[in-house]
Every structure is written in structure tokens, then in C-alpha cells.
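For reference, the structures are reproduced in the following blocks.
Shared between the two complexes below is chain A, which pairs with chain B and chain C, respectively.
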Partner chain A sequence: MSAEGTATVAADATGTVPGRDAGQPLLQVRNVTQRYGDKVVLRNVDLDVFENEYVTVLGPSGSGKSVLLRLIAGFEDPTEGEIDISGRNVVGVPAHLRNVGLVFQNFALFPHLKVGQNIAYGLRNRAHDRLSAAEADVKVEEMLHLVGLEGLKDRRVNQISGGQRQRVALARTLATDPKIVLLDEPLGALDANLRASMKIELRKLQTRLGATFVHVTGNEEEALAMADRIIVLERGRIAQFDAPERVFARPETAQVAFALSRFNLVKGRVEGGSFVADGFSLCLAPDHQVLSGPATYCVGYDRVDVEEVDTSLAPGDCSIVCKHVSHEYSGATVTYLFELPDGQHFEAQYHLHHRKAKRLEEGAEYLLRWPMARAFVYPGVVE
Partner chain B sequence: MSGQRGNWFTRHWQLIPGSAWMILFLIAPLIMMIYVSFWTQTSFDIKPDLTTKSWQTFFSQPVYYSALWNTIRVWLIVLVGTFVLGVPVAIFIGLFVRSNTVQTILLVLAVIPFWTSFLVRIVAWKPMLGQNGALNIILMKAHIISEPLSFLLYTEVGMIIGMIQIYLVFVVGPVTFMLSRIDPNVIEAARDLGAGTGRIFKDILLPLSRPGLVTGAIFVSVLVLGEFATPASLSGRKVNLLGNVIVTQVGSLKWAFASVAGVVLTVVIALVIVGLLRITDLRKEV
Partner chain C sequence: MAYDLELSHVSKVFDNGTVAVDDFNLQVDKGEFIALLGPSGCGKTTTLRMIGGFEDLTKGTIAIRGRVVNDLSPEQRPTSMIFQSYALFPHMNVRENIEYGLRVKKVPSKERHARADDIMEKLDLTGIADGAFEGLSGGQRQRVALARGLVVEPDILLLDEPLGALDADLRKRIQTELRYLQKQLGITFVFVTHAQSEALAMADRVVVMNNGRVEQIAEPEILYTRPRTAFVARFIGRNSIIEGTLDSRDGAVATVDTEFGKLRGHLLDDGVVQGASVDLVIPSEIMELYPEASYQDEAILKQYSGNCLLGSVRAETVVGSLVVYEVEICDTMTVELESHVDKYGRSYPAGTPVCVSWMPADGHIVAT
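Now for the complex of A and B:
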């Protein structure tokens, strides 16, 4: 039931993304359900992706995000529902006739072919529009230049580094000018430095080529940083589908907030208009007070201020007094860890460009406060 | 000088057991065989007086040189037969069966006939192929034929059927192994880039399974070229292979002549292996 609810929200959201012509979507997934035996991997998934859009699909492993890609690529057909590309239903159309490019997580390069031959493979072997060797060669050089691998054309694919292999995989897919480029955790196999630079490069490539990218990832930072819109998958359902700022500003469900890993999620229940847990209560904005029963209280790490216990509160602030446990310094930010009266964890993150770091005493009590409007309550308890 | 020799010895002494083994059991017998092939053979005796008489006999008498052509012909037919039957089986087990357990079970099933003795497997074909054998009974009961086929047993056909069955597993095994090692994503990537099934076979599966194909071909070739038992049993001694010539000649103590046939057979096998290895460098691939 709730899937239909979120689907409507998603459909409404597509029309209101700034700077988008709400024309015919390039890719439409309509009410797709995928089952393997009794196991439901995708449930009533509905989504529209427009031309020239960069969409990330965020979800933990087992959320069905890779299956969604395989369905769009054409390696599997959905148990129920329809997938339209450029307005045409492609269910039943084999992968090699869909003109959708998938960049595999493990790159899946052809181990017996050289870099140039890998990139030329699609151009030389596709079912229609096959290029001659000379034509393909021109395109290969162009692609090598595009991904910054000039001069590596005659290397074997086992003689190049992981980052270079990633680029070959990308170039191989982009060479065939696919309508939609699907990326399955493309940065997962790279080390941190490479990941950061590939993140920028992927985005640049997409803008430059004017292609439509659908990028699957388990990393919230990647999802937020790269996307025009984020799809958050939660156990085979779309939990939220919106622009990253909006997903971040207002997670649709506790699971979405959890997936973004930037929110305190406190377990408790709503009773008589306030949120209570074992030994403490937290204040609620009026529109959240209608709930009752088990609930999750959610506030962003970076919304929380740490003050001395006797600090007076501004109107509209929520607060709690609790014990400081430790802190984590990461260069640009510092995160203070606290323990709520019932033992649950609570974090406050300071971006050092905006706020000065505090010197806190471990084991001492502090007052934490945040604007009431920035806190959300979701029915049910996460995990 | 002596210091250098000591160095050489400490660096290379590990080569000694292997080299000794190869010299004792491969190089020396080969040289001996070539040497004996030039000895003088009389009806009851053999003398180390060098002559080319045995060689002349081998290449002048049709009964002998035709054994060479028979060997090559039968080898080619059996090789093609094992590939035509074995490769599809390997493709099925290696590519289409996704579960490792099922793959292993199917491979073991393919190998099980191999657990019985070689001779039993050959002899077991007799009640299958004979005039009143199982195959004829089935075909007649199914009204496909009205009279029993007589060309199945004690003919070249019967011998080839037997050999293909016996050596099939040597193709299925290595080819299945190579195919099952191919990353399924690589095949999907080829399809994703627009390649149809034929292209994927030609450009992806064939090159990536080539070491398995060559290994299988080498196994089958070496075994078939040296065959003597299957032709003796299933062809009713109608087909004479080089192996049979050697067995007969050794049996009648014609050592020089047996050596000639032995040298010819060794050369043929060596040429076939070298030829097959030219298709792929196994050391580089595996």
C-alpha cells in the first residue's frame, strides 16, 4: 500500500524539479515487480528518468538496486510491469537490441582483447550500424581521449591499473552512444583518491555527452554528490525519489534518513503529543504530534548545537541534556558523540568552516539543542 | 674453476632428478628405438648390423603404409566426432548450468563410464552394436528399420562409435572447465554492447575457451593415435592402425620392424601436438 503512496509522491516530484522540461520521459519503469521464487526483490517500482539526467539509485545491498539495472539493461525481464524506453515497451527485447549501456561493477573487460579492441568491440560487433575497422579506430581514439587513456590502446587489459580499467569499461560503453548509461557501483572497486576524482569526471562526462546516466551505489555521499535526482530503494521499494537537497532536507521515511547516514535516529514512541523514550522526552513540531505509538525521532547531525547545561533556549528549539562520550576529527568536520539517558547514541557534527570546534570534557553533561522544525518523527522503529 | 662448478651445482642440483628421469625413461628409449629400427632382422634373430631394410619394407608394402593413413584418417574422424558431441555438452554444463553443485554432478556423470576398465568399455559395445544387439532391436521395434543393420559391429563404423564414446570425456572435461571459468558478466557485457549470440561465440567464448579446446584435442589425439585395442576388438581386425602393427610385430619378435612403426607413430604424434600447440600457447594462457 505504502509503495503506491510513495510512487505518487515520486511522480509528482518529477514535474517540479527545477530546470527540467517535463516532456516525454526517456525511461519509464511502470509498476515493476520482480520475484525469484517466493522472494520479492522489487515491488511495484515506478519511476521516470528524463533525457540528460543523472539519477543515482541509493540502497543497501539486497535492496534490489542491481536487479533494477539488470531489468533496464535487458538481462532479465520483470515478473510484472512494463519498462519503456523512448515511449516503447522493451520488455522481451533482448539486451543487445536495447541500446542501453551497462558499466559492470567488476568492469567485465574482455580479458583476451587489448584496450583498443575492448573499446571497439561494440562498434565492430553490434547487430546494426556496424562500423568498419577504420571508422571504429577513429572512434576508439576519440574515446581514449575522452577518458584520458591516450597511448594505452595496445596494452592488454591485465597490464593496466584498476582506475584505468574502470575508464576502459566506461569508454567501451560510451563508444556505442547508448541512450541510457547504467553504472553498477562504478566507484566501488576504486581506492578513495581515485573515487573522488572519478566522481567529478563521471559528472563532467555526462554533462559533456548530454547522456542519461543511472548510477547505482551503496554510498550516500556519492549518491548525494552526483545526482540530479536520487532514488532511495528500501527492500525493493522506492522510498523516495527527489532532488538530493530535498531528500536530504526532508527524508520521506526513517529508512531514507538511515540510508543517508547523516541523521540521529532515536527509537521511542509518540504519546500525548510528545516523543518519549526511556527516561527522557523530546519536543515535537505540531504537525508531528498527530502520531501515536512506536516511532523514530530524526534530526541531522549537523543541526545539533552543543552548549553548556545552563544555556537558555530560544523559542522553537528542542533540547536534551546528555553525556559526552568521545569525538572524531576528520579534517573538515568534527563529530561529537553523546549517550542519551537510555544508552542510545546521539551525534553532533560541526563543519569547521561554519562553526568553531568545541573543547568538550569526556563524561561531562552538555545541553544539545536543535530547531524543532528540523526534526522529524516517523512511525515505526528502524532496524 | 672448481668454485664455479660448485656454484653451478648448488644452483642447478634440483634439476637432476627430473633430468635423470627424462633421460632414463624418455630420451634413452627414443634413441634406442631409432637405433633398433636400423638393425638387421632375420626370421628368428636380430643383429645390430645397420640397414634400412625395415624402413624400405614399411614404406613399400601397402599393408604397412596404409596403416599410417588409416591411423591419420581414424584420428581425424574421432577428433571431429568427439568435438561435435562433446563441445555442446561442455557448453551446456559450463555455461547454462549456473549452480556449481549441479555442474559437478553432471561432470561426474560424464566421467563415471571412465571408472570401468578400458577393455570392459570396449567389450560392452559388442552387445550394443551386434546383429541382435540393443541398437538394432530398438531401431526395429521403433520401425525405423525392417532388417538389422550389419555394418555396426566388426566394421570401421563400430570402431569409431566405440572410440568416440571412450574419448568423449577428454573433450567435455577441459572445455567445460574453461567455459565455467568465464565471468558471466563478460558475456553479458558483450551482449550489452550489441553483439548477438553468434558474435559472442566467435569473439568471446571461442578465444576464452581455446586452451580447453586445445587440451581436449591433445588428449584425444595422443590416445587415438596410439590405439590398438579398440580396432582389434570392435573392427574385427579389419582396420589396422599403427598401434596394431606394433603389437603384431612385437608379438612375433620383429623388433626392428616394430621400431620403424614406433618411430613413425612418435613422429606423427609429435607433429600433431606441435601443430595443436601453435593454435594457443598453453603456458601463457593458464
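Now for the complex of A and C:
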């Protein structure tokens, strides 16, 4: 995408929270820029996180999401800008005095210590409010109960499963009663099934504790499913910061739509009020016709209907005739794969609980249609 | 016309007496995408290795386009194998890696370059032809490995857990790319995976294996909606399974006695008799939610022949346009139901008492 396009969007994309007009934000990142030599990894980042919020930070590798977490945690200080926790600027305050807890992807547990000793470690070894063995023991039991690991206190961490290790890591962090819990790809090391169940558990735990969670992930499903609000990072900038349903309903940039993995993104240009590519054109709603030049056309997979070629269109429909290549079945959904006249890919996803599956012939042409109001166009072309 | 690939009564017994593969039969048409799916130790990799010539057969024959290949070495067979690790050479650049197989076959350099150019073009690798192995992303490495396998123009491409080395977040995208590519090339693919989601998404047909035996060979849709064995129903996952005993049958519809009362489903197998242990398999997309009060509604009960599980919504999670309901039934079972947000709106938030229903013809009964 063009740099201009991104900048315009980033300026007005910092999140406003509907219905949360009062109250001081718990965490404020103000105009933070982070450079390593000539390389800018975060650029003018502004964000507010409120108490009890679950915020996910979504971005591909290299988008700066882990750096943002490290700055909040206090492992590094920003090149420019300010970070406030409970209204106090914490730049320069060491990590262990920020009252922030961190959970890593690799769990970072001590393999030679037992589960209970791992959880007690921070309580017994911190600089201030150090607990006695007896006090720590009470806290350990409470944490084991909280994360559902009662009875595993005396196991070694190499004797428990991956999911259990993840819970120990969480318990160890929560034991210190942090105001903000930062999670760096916390489910990344788990297999698919465990990931799904931990997702729900983690969210329930946060609600029960009433703590504030900031969770960094490269997985859009996690980001959409878990968050009160999502931050989508795009090359060091906040591209969008909003409730998941709003981000999904209207991605702010083509890069945001790409990050969500649920949208067709067609490369082409806007000319004379319509979107054109090599050998075909797609219709545009009037408010999108003002653009001109290279552009990306965007429509959600699940908004596309597949019909026979001679089907007549309803007013307000956009359509294209193209070749059916194959389909992907997932149990709950079928995704029909198509090839546009210039070889670009296009997908239509049928949710089987909502729409009946179609029997399509590979290599045959079909008419694809979608409501004009559900299509967006962005300036520039995503690579 | 001969099949692209045909395995007839193929068995493999290892020297220690372990039966790795037992009477495997499969016919593959040209251009099909076949997945061998099963838990580790089920014999899927051994089968793939036998097709590639890396493992001898104990019994049976393997034929490619009508020619029996049992006695041919891997190099003599019209197959290419892509390993999970890709087995690329780190000291060679992209082009050298791709041309390696042709170099071994002593193909003249001009033809070698032309064929490499052609396959790099198809796989969108032209721009990084001179790129060092080191700088490649996971997805690019996978495409280089594919290009290396395809450049020798095999009749059949064999892939051993081809997405296994990829980051989970990349896998879905690469999976779709691979599907497009296979259709574009029209080459028969046989791939091994232990991940049911990969097999269901990519394959035209899936061979489900367990303990060296074939449990079922079918299109993904059929495996999911009409599993033939209890193993398949469980392994494919995402179905709700209720155990019980067969109470009675009326044609293709039968009644099962379960801890939740009498429930109805579809029964194909004539050999299942009254009193037999069975599983009632309910795919998640056929279940419908109703307010609990509809349990009193004669019309609804009649429509579903009394199939109603009373429960309470434990969690409602929206993921884009998808919504996942976790419903707890009588404190003993949780069923998961995925729907589209447009279908029910937001009428079943957590805590709502509901009735989970399905049409008897859509539930499926298998012997256990």
C-alpha cells in the first residue's frame, strides 16, 4: 500500500470505546516510536487500555507487536514517547516495579523445580513484599485452584502436559497480582485442539479475575474470538483499534483485511468509477468511486453466493463469471475456490449451518455475486 | 483406461513381525488429491513409502498407469517424494536446489534451465531464483521443495506431512495455495497427514487408516456425515457422539437408548441388532438451537421425532461471521455448535436454557 494511504488511516484509527466515556485508562501508550539504528519498528503508537479489558494485538511477524509488549513490560524503553500505567509515566521504571506480569509462548518455566515452586518463585524472590514460605504456600494453593491444577503441586514441570505447563506459567504470573497481564503468543506452542479449549479458558479466567489482559498473537481467529478490542498492527503502525465485530465488518485498510484471512483481496485499479483488472471489472458502491489509480477490491468470503451463469441479479448486486477450481471442506464450512479471468484467486465460503452446500463441477464457470454494500475498495495494492 | 495409481492387497510385515499395513486396496484416478489420514503408527507413512519405492511390499502389487512397479527403485519410478523436512540443500540457491534432480538424471544444462524456469514461473519463484536458502520464508521453502519434486515431471507426487514444518498461522494459507496448484497442474497427489482438518480441506478423497487397516475411503463430506465406523466418527472429530444401545429400528431410522433418553438417527448397517452397543453421531452443522420452552411445543418435537437435548449455553464466541456455542447437556456432556452470526442473531447468550435438536435422518448410528 502507499505510505500516504496508511498514514491517513492510522491518524483516525486509534480506538474510541463505545460507552466507556468516563474513567481513567489503566494503560496509556502516547506517541511511542521505537527505533533500532535506522530501523523504525514502532511509529507514533497511541493507545488506551481500560481496566478489565481484554485487548489482542494482531499482526504478522515483523509488525512490531512483540516490541510493543516489551516496552509496556519495561524490558526496553521507547526511543520517543511515554507509557503511563495508572496515570504514572513508567518510562525508566524497571520491569519488576511496574506491576505488570508477562506470559511467554515457551512458558519459561524452571524445569528443575516442581509446579508449586515455579508458581512461588516470583513471590519468594521479589525485591519488595517478599512472602514467607507459609504465605507463599497459601497463594500457590489459591493459584492452583484458579487454573484448575489442584493436586499437581509436587509434580515436576517435565512430568506434565503442554496445556498444564501453560497453566502453570499463567499461575506463576497471576500469583504476583499484576495490574496488567501481558501475553506473548501464549497459545502458540499448543496443538490445535488444546489451543481451542485454552482460548475459552483464558478468556474465562480473565473475566473471573477482573484483570486487564494484553495478548499478542499472529493468529486472527484468536484475536477475533478473545478480544474486547483488537489492535491491528501494520509495519509498526496501528492500522485499526476497535471491537472485533467492527474490525471485521469494516477493515480499515487492505492490510487489516488480509490479516483477518476472511476476505477476497483482488488487485486492480479504479478508473472512471469502477474497479478494473485484466479482462474484467467489478462494481463499486458510489462512496468508493471517488478513488482512482491502483487499488485493492475486498469482499468477505462468506458474502459471496455461487449461482448458475444465467442467474439474474438483484438490484445492488455485484457479480463476476469465473471458473471453479476446487473446494475445501472443513465440516462446518465449505470454501469454493475460483479463478478470476486474470488468474487471481477468489473464494466463496458457505457455512453449512446457514447455507446448503452446492455440488459444483470443477473447471466449469459460475456466476458469483455479492451485495455491493459489502464490498470495499482500498487505495494501493497489497503484496 | 488404467488408474494413475492402483494398490491391490498390499501388506507390509516388518522383520519383527509387526503388521504395519494389512490388505490395503485403493484406485486413484489421474489428477486426484488423495490424503492418507490416521494417528501415528497407523501405517500411512509406510504405505506412502511403499508407493515411492522406499519400502518393499510383503504382499500385493502397486501399479502406476497400469505398470506394476514393485521391483523398481525410487529413481526408476515415475514418482517424486516431498519430505516434511523438505530435505533442501542449504549450500545451494533456489535454482540449484530445483535443478538437482535433473542434474542427477544427466539432463543437459539448457533443458535443465528451461524446465526449472517453467516450474519456477508456475510456483511464483522466479523472483528468488538466485536467492540463498537461508533467507527463504517457511512458505517459500515449501514451494522450492514442491518445485524440486515437480521439475522431474512425475506422474504422481507423494507428500509426507507437507505442512508439518510450517508455522500454524501460515498453514491455512499455504493449504489453499497447494490446493489451487494441484488443480492447475492436474497431477495426482498422495499426501500423508495426521491432521484431520488438513485432510478434509485439501483432499478429493481421504483414506482413514487405523492399526494398519483401512477404516474408510471417501470424500470429506461423506466421512463427516456418514462415518462407517466408530473410529472414523471419533477421529474426524467435531461430531457429538452419544453412546447407547440399539432399541428398535424402522427402516433406515432407528432409536437408541441413551443416558438422555431415547434418541433417533439414521442406521445403514443391517447387521446391527437390538441391544447392540452403538454410537449416535451428530455432526455439529445439523444441530439446531431452540429456546428450552419449545420442549413443550408439539410441532417442534414432532418435526425432530423427539430429538431434543435440554441444556444450557455455556459460552458464545463470535469469530468474524462465525459463532460457536458450547452447550452443556445435563452436566455430563458438552456439545459444540458452529453457526453463522446471521442465523440466530444474538438470541442465545451464555446462560440461556436451550433445546438442541436434529432430524433423525441427519444423525448417524454406527456399531461400536
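Structure notes:
Criterion: the second predicted complex is superposed on the first by the 361 of 383 C-alpha atoms of A that agree within 3 Å, B and C clash if a C-alpha of one lies under 4 Å from a C-alpha of the other, contacts with A are read in each partner's own complex, and residues count from 1 in each chain.
One rule holds in what follows: a contact is a pair of C-beta atoms (placed from the backbone, for glycine too) under 8 Å apart; a residue touches a chain by one contact, two chains touch by 3 or more.
All of these numbers come straight from a predicted model, not from anything done at the bench.
Contacts of A:Thr176 after superposition: chain B is touched, whereas chain C is not reached.
Shared-chain residue A:Ala225: touches chain C; no touch with chain B.
Using the contact criterion defined above for the overlaid structures, shared-chain residue A:Glu328 touches chain C, although it does not reach chain B. Taking chain A as the reference, the larger set of touched residues comes from C, when chain B and chain C are compared.
In the overlay built on the shared chain, the residue A:Tyr36 is in contact with neither chain B nor chain C. Of the two partner chains, chain B is the only one touched by A:Phe104; chain C is not.
With the contact threshold set out at the top, not one residue of chain A is in contact with chain B in one structure and with chain C in the other.
Within the complex formed with chain C, the residues of chain A that make contact are 188, 192, 195, 199-200, 204, 218-219, 221, 224-225, 244-245, 248, 260-262, 300, 302, 325-326, 328-333, 335, 337, 339, 345, 347, 351-355, 357, 362.
The touching residues of chain A, when paired with chain B in their complex, are 73-75, 94-97, 99-102, 104, 106, 108-112, 121-122, 125-128, 172-173, 176. Contact residues on chain C toward chain A in their complex (touch as defined above): 167-169, 172-173, 175-176, 179-180, 182-184, 195, 197, 200-202, 220-221, 224, 236, 238, 283-285, 315, 317-322, 324, 326, 337-340, 342-343. Interface residues of chain B, counted against chain A in their complex, comprise 183, 185-186, 188-196, 199, 203-204, 207-208.
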